[in-house]
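Let me begin by handing over the structure; questions about it come next.
As written, the chains take the letters A, B, C and D, and residue 1 is the first residue of each chain.
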Amino acid sequence: MSLATAIRSDLRQTSPPRGTHACRALLRRELLLAWRRRSDVLFPVLYALIVVTLFPFALGPEDALLTRISGGVLLVTVLLAMLPNLESMFRGDLEDGSLEQMLLAPQPLALLVLVRVLTHWATTTLPLIVVMPLLALLLRLPIEVLPVLLIALLLATPLLALMGAILSALTAGTRRSAILLALMLLPLAVPVVIFAAGAVAAAQSGLPYLAPLLWLAAALILALVLAPFACAAALRIAVET
Amino acid sequence: MHDFLAMGGYAMYVWPAYAVFFIVLAWDWIAPALRRRELLNELRGRMAREQLRRQRAAQSNTQQEGASA
Amino acid sequence: MDNAASRLGQCAVSSIRAMPISLSASAAPILDVQGLAFARNEEPVFGPLDFALDRGETLLVEGDNGSGKTTLLRVLAGLLQASAGEIRFDGQPLAHDALHGQMVFLGHQPGMKNDLSPCENLAFLSGLYGAREGADVGSALAQVDLAIYADTPLRMLSAGQKKRAALARLALLPGELWLLDEAYANLDRRGIEMVNALVASHCSRGGAALLTSHGAVRFADPHARHVRLELAA
Amino acid sequence: MNIIPLWLHKLSSPPVFYRFAGALRPWFLWSALILGAAALYGGLVLAPPDYQQGDAFRIIFIHVPCAWMSLFAYFCMAVAALVAMVWRIKLAEVIAMECAPIGAAFTLITLITGSLWGKPMWGTWWTWDARLTSELVLLFLYLGVIGLFNAIEDRRRGARAASLLALVGIVNLPIVHYSVLWWNTLHQGQTVNLIGQSKIAPAMLWPLLLMVLATHLYFVASLLARARVGLLAVEGGKQWARELIAEKADA
């Protein structure tokens, strides 16, 4: 009997890898994948560039008008440029079965989801924020407003990514998921856009802009805590095929 | 009566509002009834198909028994 | 003790008990399934099924396409919730959070990324699940004859090689219970023997495995104790 | 076991609920129709015209009850969705999913009647007023739930996915409301209060309250009718459904 237990000891898991260890493995995999498909980074950036270039043609090149609308246009452009990537966030994982492997892992799924969403944000949306000064220049955003816009984006886009991740998990594996995701994201995006654009507009007209930014930060913290659990629940539903 | 229908000049806003109220709620009431009829037809069809299959199976069984006897 | 009880309803079972000694330390079978059934949209997919799997045993689930083999495996893995019945793991009612990490599940899909090499994929898996003592990615790939492709992205490999890359986890990850869906699919004769060898060595060390097959490949290892479970369509 | 949970447990069995709902439905419908008729008579005939808005204010008798119902239906959906997610009760899944179209219908009525009321009062069909905007967002929430439920082939899986979305939505709803209020003050939009702050006259109040009651009763009646169909769709293969269909065929 003791022999048998000794033989078996290497099969039985005494202590599974800790959460941090698993997170590091997931982070490494996600970054590797992003590196292998590094040209994909350009798509949202190009999309945003195209949209921003079209606005002056549609509205006329008057500086005053462009300055007035630039904050809102840039925010909505970023939101729209995020959509295709959000939609496919879990599709690959669902199709090749790696989602199941994450679900069955000994670590809490919510933790893995959090790492997954944040790396997804960093590899798909952060490049958009990096080129934002250029886009702001094209739309004549006043230079002193640019930091507020960047902070608003740095708070708003992870928030949208976390909420989008829930919806992406819910629509994974359905037909017409792109339009469905947009429909479902709109109500969630409304407060985010209001506060982010509100901060930029306030900064532009010389009003205090801290309050909306703090609201965004509070919402981001709330989403960081709650969204991974909702997303994990949605993923468990998604694999039930 | 004419005054009532005229709604103090606001007839073209008040009456359409009430019409929308009734039309949407009527649709809300009829839609599940239609769905129910469709569903019942479908379920009935499924049951009929199953019964047919069972009858055929029973027939072929009796035929086989007849042949062996 | 009847360590390979498996019958009822639609499943025909033949059990071969050959091993004389029990490796099992605890009396309870590693997997004990009673009255397990699953229905999708009220259409029964399989069951009710009763069977038990002891340590050192292999259960081969056979059935035609659409007979519910994959569904059974997903229910056992906890990815799907059964409509009726009970699953006991090691004598305890199944609580999936506790079970995770004591089970290796390999579904239809490889669970690996096409853009990554077998080596990178396995490193990720062992990052989640840990590694058996003395096992590492290199030796696991060597066991499935894939050492020379260790750094080739999965998308460049053939279907059989991909399958082997997926199977390499069996030589790496810890876990007493293996749930392998279509483990023989896409494999040549040597590959099939390789799977059998992996399963046999796992069972000889006190593990247990549950494999599905659509019946095209016969379980070829004469030394394994195994139970066969046939699912009717 | 407590009597009430036991009773609830029995009621949550689909065949029992099916018969129960079938028996209750006409009562709710008829009381809704009678109360609604009384409310309409009171609102359209008996109530005097408003001293500011004239007869246009009579839209209040449908606009306000429907606006309340649009939120009430969402609340009911969220409660049923929570029960469905936590206890996986089939009836709760069905009820949550059947609340959505009724709620969407009430939201649609609220939006259209609000627009019809706004035209003579504000001189425009649509204004980005806080209340109307929130209502529009609510409509999108409903459409999302309905769309997701219909996009997933497996009914129960679809119901649970859409239930989760409904729960995300109810967390979001107050945030939307306050953000829209804040946005409105920021942009100094119209803050015309259709329903004045002043006390509402009793002759206007009782038809309004009666209509509120009537719409609640109608909601229950419609929900019962829809839940019956939904249960039949989910449980179509079960014995009780077969017996029921056979009974129908004989009759």
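Worth a mention:
Methods note: contacts are C-beta pairs under 8 Å (C-beta built on N, C-alpha and C of every residue); 3 or more make two chains touch, one makes a residue touch a chain.
Predicted model, so just to flag it, every value in this text is computed and none were measured.
Chain centres computed from CA atoms place C at the largest separation from chain D.
Summarising the inter-chain contacts, the pair of chains with the most C-beta pairs in contact is A-C. Centroid to centroid, with C-alpha atoms defining each point, chain A and chain B lie 43 Å apart.
We define each chain's centre as the mean of its Cα atoms; on that basis chain B and chain C are separated by 46 Å.
Chain A and chain D have Cα centroids lying 33 Å from one another. Distance between chain B and chain D, defined via averaged C-alpha coordinates, is recorded as 22 Å.
The multi-chain contact residues of chain B, meaning those touching 2 or more other chains, do not exist; every residue touches at most one other chain.
The set of chain A residues that touch two or more partner chains comprises 240.
Counting only residues that touch two or more partner chains, chain D has 154, 236. Touching chain pairs in this entry, ordered by label, are A-C, A-D, B-D, C-D. Chain C contributes residues 40-43, 81 to its touches with chain D in the complex. Contact residues of chain D toward chain C in the complex are 88, 154-156, 234-238.
The residues of chain D lying in touch with chain B in their complex are 44-45, 49, 54-56, 58-59, 62-63, 66, 98, 101-102, 105, 108-109, 112-113, 116-117, 119-120, 218, 222, 225-226, 228-229, 232-233, 236, 241-242, 245-246, 248-249. Chain B makes touch with chain D in their complex at residues 4, 7-10, 13-14, 16-18, 20-21, 24-25, 27-29, 31-33, 35-36, 39-40, 42-44, 46-47.
Contact residues on chain C toward chain A in their complex (touch as defined above): 22-25, 55, 77-81, 100-103, 105, 107-116, 120, 123-130, 132-134, 153, 174-176, 202, 205-207.
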